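Same chain, two partners: chain A is paired with chain B first, then with chain C.
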Partner chain A sequence: MIAGLDRPERRLALMAVVVVLVCAAFMTIGLRGDLALALELRAVRLAAMVAVGVAVAVSTVVFQTVCANRIVTPSIMGLDALFIFCQTALVFSLSGLGFAGIDPRLHFLGNFVAMTGLALALFLPMLSRRFDLTLLLLTGVVLGVLFRSLSALLARLIDPNDFAVLQGAVFASFNAVEPELLLPAGLITLAGVAIAWRSRHVLDVIALGADTAVGLGVAWRAAAAGLLVLVAALVSASTALVGPMAFLGLLVVSLAERIVGTGRHAMLLPAAALVAVIVLVGGQTLLRHVLGGEGTLGIVVEFVGGLVFLAMLFARGRR
Partner chain B sequence: MTVAAARCPDFMLQATGLALLLALTTASLFVGVGALSMRTLFSDPEALRLVVVSRLPRTCAALLAGSALAIAGLVMQTLARNRFVEPSTAGTAQSAALGILAVTLLWPEAPLGWKALGAAATALAGTAVFLALVHRLPPTQPFLVPLFGLVYGGVVGAAATFAAWRLDLLQYLEIWTTGEFSGVLRGRYELLWVAGALVALAWWTADRLTILSMGRDVSIGLGLNYAAVLRLGLVIVSAITALTVVVVGTIPFVGLVAPNLISRLAGENLRGTLPWVAGTGAALVLACDIAGRLIRFPYEIPVGTVLGVVGAVLFLGLLFSRRGDG
Partner chain C sequence: MIEVSDVSVTLGGSLILDRVSLALPKVGVTALVGPNGAGKSSLLSLIARLRPLQTGHITVGGLPVDTTPTRQLAKVMAILRQDPGVASRLRVAELVGFGRFPHSGGRLTAEDRAIVAKTLEQFGLADLAARFIDTLSGGQRQRALVAMTFCQGTDYILLDEPLNNLDMFHQRELMRTLRTMADAHGKTVLVVLHDINHAAAYADRVVAMKNGRIAVSGETREIIRPDILETVFGFPMRVETMAGRLTVLHHA
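Our next item is the complex of A and B:
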């Protein structure tokens, strides 16, 4: 290890420098043609990536803390699939015409309310009953499959015309960010980050497990419910912007924990957010200019993150 | 309880099951966009043609695919020594899709049989890797294996999606990953009879597979050629999966739900329960196909989509009712 980098604060500062470098590279490499237009387009996508990275990182850290382990993430538990299901169900019940007419921000709000309600109803009982960890994970993965299949089924039930509307809304990606959603999603992310940062000390206590937390004077159930709403909000924001990002959270939080070498949330939260931005923006720049595979970042993250998850499961099982 | 009673579901249950399967088969012949009734069937040559060219092949395909997939799931559970795995949730189907992709790339006009062969080869490799990993996991955590399988399948699927994206074959991949019977006509499903033959092979090796499920040391102690039977089971699972993926696409959860349902009713003896597992799988797939034809009549919903919902719900039910038993 390089001298002077043994303190977590210094490593954070170093990562911040890397973030700035990566963002600069994303904005400038290969610019040609109408500079102002190209810069504006890139700025929108950069802002979306930063918002998504921060939202995914913070929601994953908070969710893992509530679950008291570092393997469970919101997207493994099917939360982003739940968001897409709510979106599809909303289109289905309103029929395509009404959907196209609705203000996207209002629609986003409706999705968010539906999703928060469902997430609380589903996950709070599961978390407070304290299942065996593998059963909890398996249930989450199967729930994810169920929500995805339900969305596919509903999509088939909607008229072919409406299906086109829905595909535009659901299959968001980094190449098709909706500029109108950037502001509300960014605001939600900002508010979520602020709340998570304020409760960083409570999070440190909750990470010790429900029993210890109660023993130390934290109202676990209320705190967990509040934090789940926070997670649901952040997942809604990132999924609405760019679609599901399976395993991104798992990848960045386990990397961040290795880098700062502490579980304290005052360090872990910013570290995870920085790693997420580096992975997303750096990965996108690399894919576009070196490997020529723009648009596949989500698939690459799913592949690499899936391998990391398998390795973690394997290590846990063998222990 | 006598041995016979322990082996098979009791008589009433058998009769009900058979009647249900027959009723579904008959319904499948008469449900569809082209109107058809018992009376016109024998007077109108056009109606007869409809049955012979479209409805009968479709019904046969559903029955064959359903029973073969259920057996593939059963054999896979024996090999992995875990109740909750099956080809489409443990990477076998995804590996098969990868194989078809490779064959399509190297030899675009390849006949269906060669594609199936290529798919079977990669499915075999993918499943062998899965089993090798799973056999190193501790047997004390029953939920770890299916979880591992689902994510492993996701990783292989991501690799397939990436390859398809680079090669501009994403639409083809969609066809292989969503099981659908609407394209089945006479002359386009006959490969599935090979899958039916594999079911017979599984029945022939049933006793050896039952011994295999007791684990490596016990089965070797009982005089079983462990490695050979393991290989045979692997071939059965991969070939059945590859054939169904090539002909009709991936149909999820059949191999998981059917064996679990039957084992609750009839216990673990593979040879005794095997026909019932096959029948349950066939009935499940046929019922979901009929439902898919009816839900949004006259349009069709692919059977893979219907079973994705039904199967996931049943899977969750199996997970939690098992806990209830203790």
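Our next item is the complex of A and C:
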């Protein structure tokens, strides 16, 4: 119907090819020693990066659409602050050794339940009474500050050796992913992505604003509450798997929007997911296997993401 | 028909709507006029179930707006609010296509596409169909939004100051379109207008609001009278018949 509408599809296909290439590069570059073991280790990391990338990308797109704002990230809900607080409290009460000894599956489940529980407590009241989304998000911000302060307080009381354990646990890292957590995290991500994809047309309408969406027959309050819970589940799964990634979503969604050049979710959701996988897997390949560094990709992504965020703020200010 | 009975709204301690009751018959153009802060937009939002009812009842085409599923209402009634910002990066044709959402849930059928194409043509947007909304002028964007509202194909159409940002040509076009909608397609149009002459020229009925109440309502001829207009708007104005049309001279 419209000239040039085929272009976003072509760009998506191109990105899919790039994803396959970076994944192949990640699996093969610089292989040494026991081939089977090395491949297995890398496969676990690759799977974790794909799951986390997709979860972060999809949750950020959905969150930004519901908030009608393209420069927010789900981390303002305070979920990652809660995650950090939980780890700090665990290290504080169990000591570093005890913390390292927790069954990873139990640990994952606990973190996931704590984060989604907080999100449910925040969003479910939306269904029953009149509410203001801004107020709700501010509540999340304030809770985030509370959890961060509590973490800082506890961190001061922790033994320095235990503190090193804590540092390792709260920075996003793909080097120490527990293989048995891939299945639950992957399943949650898969289910969340499937729901987001099914809701793509509703998301398009929600992006027009609450009033217009209601006028077009979307029960906005129920839809927004459900979508925010979906966002929380995705964020919780990825955070519990590898740790908090605040700016990755912002980075990949703004890149994806520029690449496909449309706000239609049928394009934006897959584009953001593909960009996220490219950034994570490509970045990790570069860092570990080409540059030979042992740096944590999470920190690099946060650094670049933070710069992009500032650039977006300045670009808005100038307009 | 649209029936509003005994509706009051209090926001932050101040009374916005004070026991408003109104019955608008089916088919025709009704102009909702009144000074700023009279409660016109609030009333429209309540009828369009964009704000929750505090007291009273509202039905549109027999459907109570507070209990009918919103999707079902969207097939009966379309609403265009004042200046709804479109943050999403969309083309004009995509935006207008959203008007079909209540019917097809986002997957446009061949019939939907035909309706979209016809609506684009009707609102002089065919040339702009592939343009992104954020590259349009205010008036062009307003026309795209009005087109989306019409594309919904509902029997009831509510428009809040749709003439905002439109040039004289497109103001006239839109008012004539509203007339055609009522006369040829049997639609019921409720439109908030600021220019009383648009109401005088195109509306079948005028509802005038003041201080959260319906000051007066009736056939256009009965309302466009100097004494009534002065009570509603608070200053004297002349009403003349020019070339067979009621004209309000409010500039003096």
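Heads up, the rule we're going with is that the second predicted complex is superposed on the first by the 228 of 319 C-alpha atoms of A that agree within 3 Å, B and C clash if a C-alpha of one lies under 4 Å from a C-alpha of the other, contacts with A are read in each partner's own complex, and residues count from 1 in each chain.
Heads up, the rule we're going with is that contacts are C-beta pairs under 8 Å (C-beta built on N, C-alpha and C of every residue); 3 or more make two chains touch, one makes a residue touch a chain.
Computed from a prediction, not measured in an experiment: that's the story for all the values here.
Engineer: Now for A:Val142: first (chain B), second (chain C), both, or neither, which partner does it touch?
Structural biologist: A:Val142 contacts chain B only, not chain C.
Engineer: In the overlaid three-chain picture, which partner chain does A:Thr134 touch, first (chain B) or second (chain C), both, or neither?
Structural biologist: The first partner, chain B, only.
Engineer: Once the shared chain is lined up, is A:Phe309 touching chain B (first), chain C (second), both, or neither of them?
Structural biologist: first
Engineer: Touching A:Ile299, do we find chain B (first), chain C (second), both, or neither?
Structural biologist: first
Engineer: For A:Ala68, using the defined touch cut-off, is the partner it touches chain B, chain C, both, or neither? Pick first, second, both or neither.
Structural biologist: In the superposition, A:Ala68 touches chain C alone.
Engineer: Considering only touches as defined above, state whether A:Gly217 meets chain B (first), chain C (second), both or neither.
Structural biologist: second
Engineer: Please indicate which partner A:Ala246 is in contact with in the superposed arrangement: first for chain B, second for chain C, both, or neither.
Structural biologist: First partner only.
Engineer: Counting only touches as set out at the top, which of chain B and chain C does A:Val205 meet: first, second, both, neither?
Structural biologist: The second partner, chain C, only.
Engineer: Going by the contact rule set out above, which residues of chain C touch chain A in the complex?
Structural biologist: Its residues touching chain A are 45, 48-50, 52, 69-75, 78-81, 84-91, 93-95, 98-99, 101-102, 105-107, 113, 117, 129-130, 149, 152.
Engineer: Touching chain A in the complex: which residues of chain B?
Structural biologist: Touch residues, chain B against chain A: 84, 133, 136-138, 141, 143-144, 146-148, 150-152, 154-155, 158-159, 161-162, 165-166, 252, 295-296, 299, 301-302, 305-306, 308-309, 312-313, 315-316, 319, 323.
Engineer: Within their complex, state which residues of chain A touch chain C.
Structural biologist: 1-4, 68-70, 130, 200-202, 204-205, 207-209, 211-212, 214-219, 257, 261-264
Engineer: Quick one: in the complex, what on chain A touches chain B?
Structural biologist: Against chain B, chain A makes touches at 132, 134-135, 137-139, 141-143, 145-146, 148-150, 152-153, 156-157, 246, 293, 295-296, 299-300, 302-303, 306-307, 309-310, 313-314, 317-318.
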